[in-house]
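In the two complexes that follow, subunit A is the common piece, with subunit B as its partner first and subunit C second.
Showing the complex of A and B:
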């Protein structure tokens, strides 16, 4: 009797649980998981226009992919971008978070200001930066000229374009990282710092011995999500660079190429193959990160 | 504990991500809807879109006010309502492709030589052949044959020609006066043009002779290629023309001008030739007739500039303008095929074509309707555009134009920047373009 009651209760629990999960799961399934498999499926086809007339070509798209130098250049570009964006956006955000965690006057105002770029539409941000970077009429070059320096081709010089693009990426994401760090910081018990102060630890020692270790779960989370985000960079490049920009070859990311092949040249099969490559790369990197985090937290 | 926190944070993030994703799409759709609502308000008859209002998709904002007038007259005549929606060129084809895949194409829309093949092949467009035959308003033999042929696929006509466009030379009179040069005229050759570029370029970089829009070939180097006896693609559209002597000569010619008399290529990509001309940084540009509304209404251009015919080539004696023409097409699955056809029929009639020219929107495709077009902006020598019609070359196209056009504009960057020479790049393009053309089915 008692036993039956418990199963009944469990079943009810179970149903309620799933009911609550349903919206999210349904969304994930319809918007993410099913399309992933469709994309993988499509990558084995030479696609006709409008989703009609697909011809199965086996691994041909992948063969082309592996012999296409621009793909590997784009993968390299994507890494270049991530290697600049991720560490800088995290380091800067961490500094801001620590400073704004102190009781200073008007800190909510600062927090809001730093978070604002995250609220603005990426396309609008890119347009504003495009004008700042403009080589003839841009504000940045105007400032450089007024102090007697030469103009710089911010987004058209292959050796600096990716840095300019990454700078916009850092600028727009710092506020978001900062808010996450702030949340993490507020969970660190104040006693630790008091004890450290009694032991005579200075602010730097406190930061490295208490703040950083206690912040590691947040740090891990921010790093993982930022790496994924950075590897998927597209909007800033698409909005800020013309397709005939001389720096585009050394700046375009994998997602940019995916867009170009899928939606400009309508070669959806090849576009899918590119995106499958990106998926594989991101999964591999994330797996390594999770593995390292496990090792680190076990130690 | 740590893991739990991480999981919580991850969930929080996924929520945030999905939120921002929603925000993103919402803002983009509101952008497009604000555009449509703009079209709606300029429309005059701003009744809410119902099932029997035709949607008309175009990509050029400059033409919107004029076309709205013509369509309003159509509505007065027939009682059929229509609403223009403008989507900029870069997104137009993405929008149309999505519409075609999802079965929700606009009722009536512009077609272009770059894209017609695909839409005709997969039967996305309303077959107009029989309707044209039985119509007494649309006479296909009044339109240039080249343009009619673009929109003819396997003997079926899928669009009615709308307009044609030619290219002419814009020059800054003040800069010519300063340099003591005679204004460009019929006698100019491309060599005269180059010499003038040299005199109009100031060594301090404050003024250049010429500027070329790197992303637009039709109004720039295509013209020189054909004038110098070259070609982009062979007549039968099966082979690249980049191994032709004339093509290489033209690319070398422009490469040399780019190196010496044009603003740095980097500047051109982020500022654009037209803006540089309008701000008095370059003395000459070549520009298509579709840009009139932009150029003729610019105060600086009004005060300082005028138009002349393109130079001719000294060796071949040809003065070539690339030309192209849009077509009005309808969706195969439109709910109102008859209303859509009536609109296209009206837009292709002599009356509407005459109006299109008279309003100075574009040069109409209909024979004998163009004289009034030059009067739209009387202070400019617009006759130059009509004079260019004596030797026209249809804009090169094949079944997969976009693919090879993108490829060659990317490769030619190396010539414009001076990183590589014309011969090497042309050989490279020939090889790749021939491979792409062979893949066309």
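Showing the complex of A and C:
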């Protein structure tokens, strides 16, 4: 009797279910799913001069893409940014979260301050950092000079600029990661630590034997979303690097080039090809991460 | 005794680390604040270096407010945020209930669609979305700002989790009382997902406020831009007039910072929920 009820097709559920789903499914199709195919389609076309018409060019955009040194450099820049931003923003956030998870004075105040960059407009963040980085009048170089060090060309020196940019990225996102870690830490039962205490495990041992393993679902989530976010870096670079900045070639990301080709040079075909490349890169990396996670959690 | 000293040392060390972190996090904001009250010459004076402005001048603020219509920018930003929250919460709540509570053919397919959208980088939607808005003749409108946020895959996912985690008995009791599906949804289940709805609202508000590329693409007229895009545009125009750039940044950030400080519990919990429910 019970089983029959479960498998029975319920017309009411069906009608109401689809009625409730209708706005979301229609919206996702129109706003997201169809546009994916439109972008792929667009990548086989060239936008005519003055935005007039589309000319089918086959694989020409992709041929250009793979022989375009600036695209490869941008892909490399994007990876370089992610490789700095992701581990540092996670490690620093983890330290803050573990320390703030204890009963210490000023807990809420620290948490509020660390999260502050998350509620600031990215353009404002980029402008104030540009100002701090200013080679002649910036606060950072003043501090360096006052302890007897040479000024640094933070955003115009091609070998330093990507680190300066990644530092802003880390600064912006540390608080966000920390909040997610704090939520994860609060789910770890207290008894574990008490038992470890009785067994005489010190703080470091407790961190590696209890905290880190228990935090691994949060860690996985934060890592995957941070990697995806870092590979889409745009705001900081767009705001901090002028078009005439000598370091732009060594810092511009894939999304920066996507924006530039699509909406500054109005070559939507080439812009589409760039974003299809980004899609492929992100899908591949996410698949690898999910595979590694599965393997690791099965082991 | 020894143990006490060790504990004291330990907590002092923790305080020092946290304090250093806090200084790094807050100095840019303090510097923004201080610079906005300086004159240009004060802001670029190196010998001696000026930390505090000699006088708390409002000149930079006045000048920025005469060049940019901040009331308009606040309004545009408010409409953007309110619109995005409105549509996100309504559509995600409905879809989340259907996916989390009802059993019907096509449900997994719809959920697959949701998951797929979440895995794809957002930039891939921008050109077609821009062309759609453009064809509708809606560039430079509030509608254009809200458009990509009419539905939300992430929010649907979040609310689906919330509905799935509600106890079964409640709904069954409502069925015995003769409640139909809609009444059950609206009066029994929906109120119980309040915390997830608030989380989605906060998440949506923050990311609408921080979104830069979409507003830059669709609303190119000063009168229709939200704060984020307007702020990005002035950098080139003001050159190195840092007191004015910082004053504009202050004006753009302070309202959100005040809201955040007033509702920080909700903010932190909302963001934590949006992450940990995955």
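Here is the rule we go by: the second predicted complex is superposed on the first by the 263 of 299 C-alpha atoms of A that agree within 3 Å, B and C clash if a C-alpha of one lies under 4 Å from a C-alpha of the other, contacts with A are read in each partner's own complex, and residues count from 1 in each chain.
One rule holds in what follows: a residue touches a chain if its C-beta (ideal position, glycine included) is under 8 Å from a C-beta of that chain, and two chains touch if they have at least 3 such contacts.
All values reported here derive from a predicted model rather than from experimental measurement.
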{"item": "Touching partner for A:180 - first (subunit B), second (subunit C), both, neither", "value": "both"}
{"item": "Partner chain in contact with A:221 - subunit B first, subunit C second, else both or neither", "value": "both"}
{"item": "Touching partner for A:169 - first (subunit B), second (subunit C), both, neither", "value": "neither"}
{"item": "Which superposed partner A:232 touches (first subunit B, second subunit C, both, neither)", "value": "second"}
{"item": "More subunit A residues in contact - subunit B or subunit C", "value": "C"}
{"item": "Which of subunit B and subunit C A:122 touches, first, second, both or neither", "value": "both"}
{"item": "Touched partner set for A:297, first subunit B, second subunit C, both or neither", "value": "first"}
{"item": "First (subunit B), second (subunit C), both or neither touched by A:136", "value": "both"}
{"item": "Overlap of subunit C and subunit B interfaces on subunit A (superposed complexes)", "value": "27, 121-123, 134, 136-137, 180, 218, 221, 225, 263"}
{"item": "Interfacial residue positions of subunit A with respect to subunit B in the complex", "value": "27, 48-53, 121-123, 130, 133-137, 153, 155-157, 180, 216-218, 220-221, 225, 242-246, 248-249, 260, 263-267, 297"}
{"item": "Residue ranges of subunit C in contact with subunit A within the complex", "value": "11, 14-15, 17-18, 21-22, 24-29, 31-32, 35, 43-44, 46, 49, 90-92, 94-95, 97-99, 102-107, 110, 113-114, 116-117, 119-132, 147-148, 150-153, 156, 180-182, 185, 206, 209-210, 212-213, 216-217, 227-229, 231-232, 235, 242, 245-246, 248-250, 252-253, 256-257, 259-261, 264, 267-268, 271-273, 275-276, 278"}
{"item": "Residue ranges of subunit A touching subunit C (in the complex, touch as defined)", "value": "9-10, 12-14, 16-18, 20-21, 23-36, 38-39, 42, 92, 95-96, 99-100, 102, 104-106, 108-125, 127-129, 131-132, 134, 136-137, 139, 142, 146, 171, 174-176, 179-180, 182-184, 187, 218, 221-222, 225, 228, 231-232, 234-235, 238-239, 255, 258-259, 262-263, 268, 271-272, 275-276, 278-279, 282-283, 286"}
{"item": "Touch list for subunit B against partner subunit A, complex", "value": "2, 5-6, 9-10, 13, 18, 23-24, 27-28, 93-94, 97, 100-101, 118-119, 121-122, 124, 214-215, 263-267, 269-271, 276, 281, 402-403, 406, 409-410, 413, 417"}
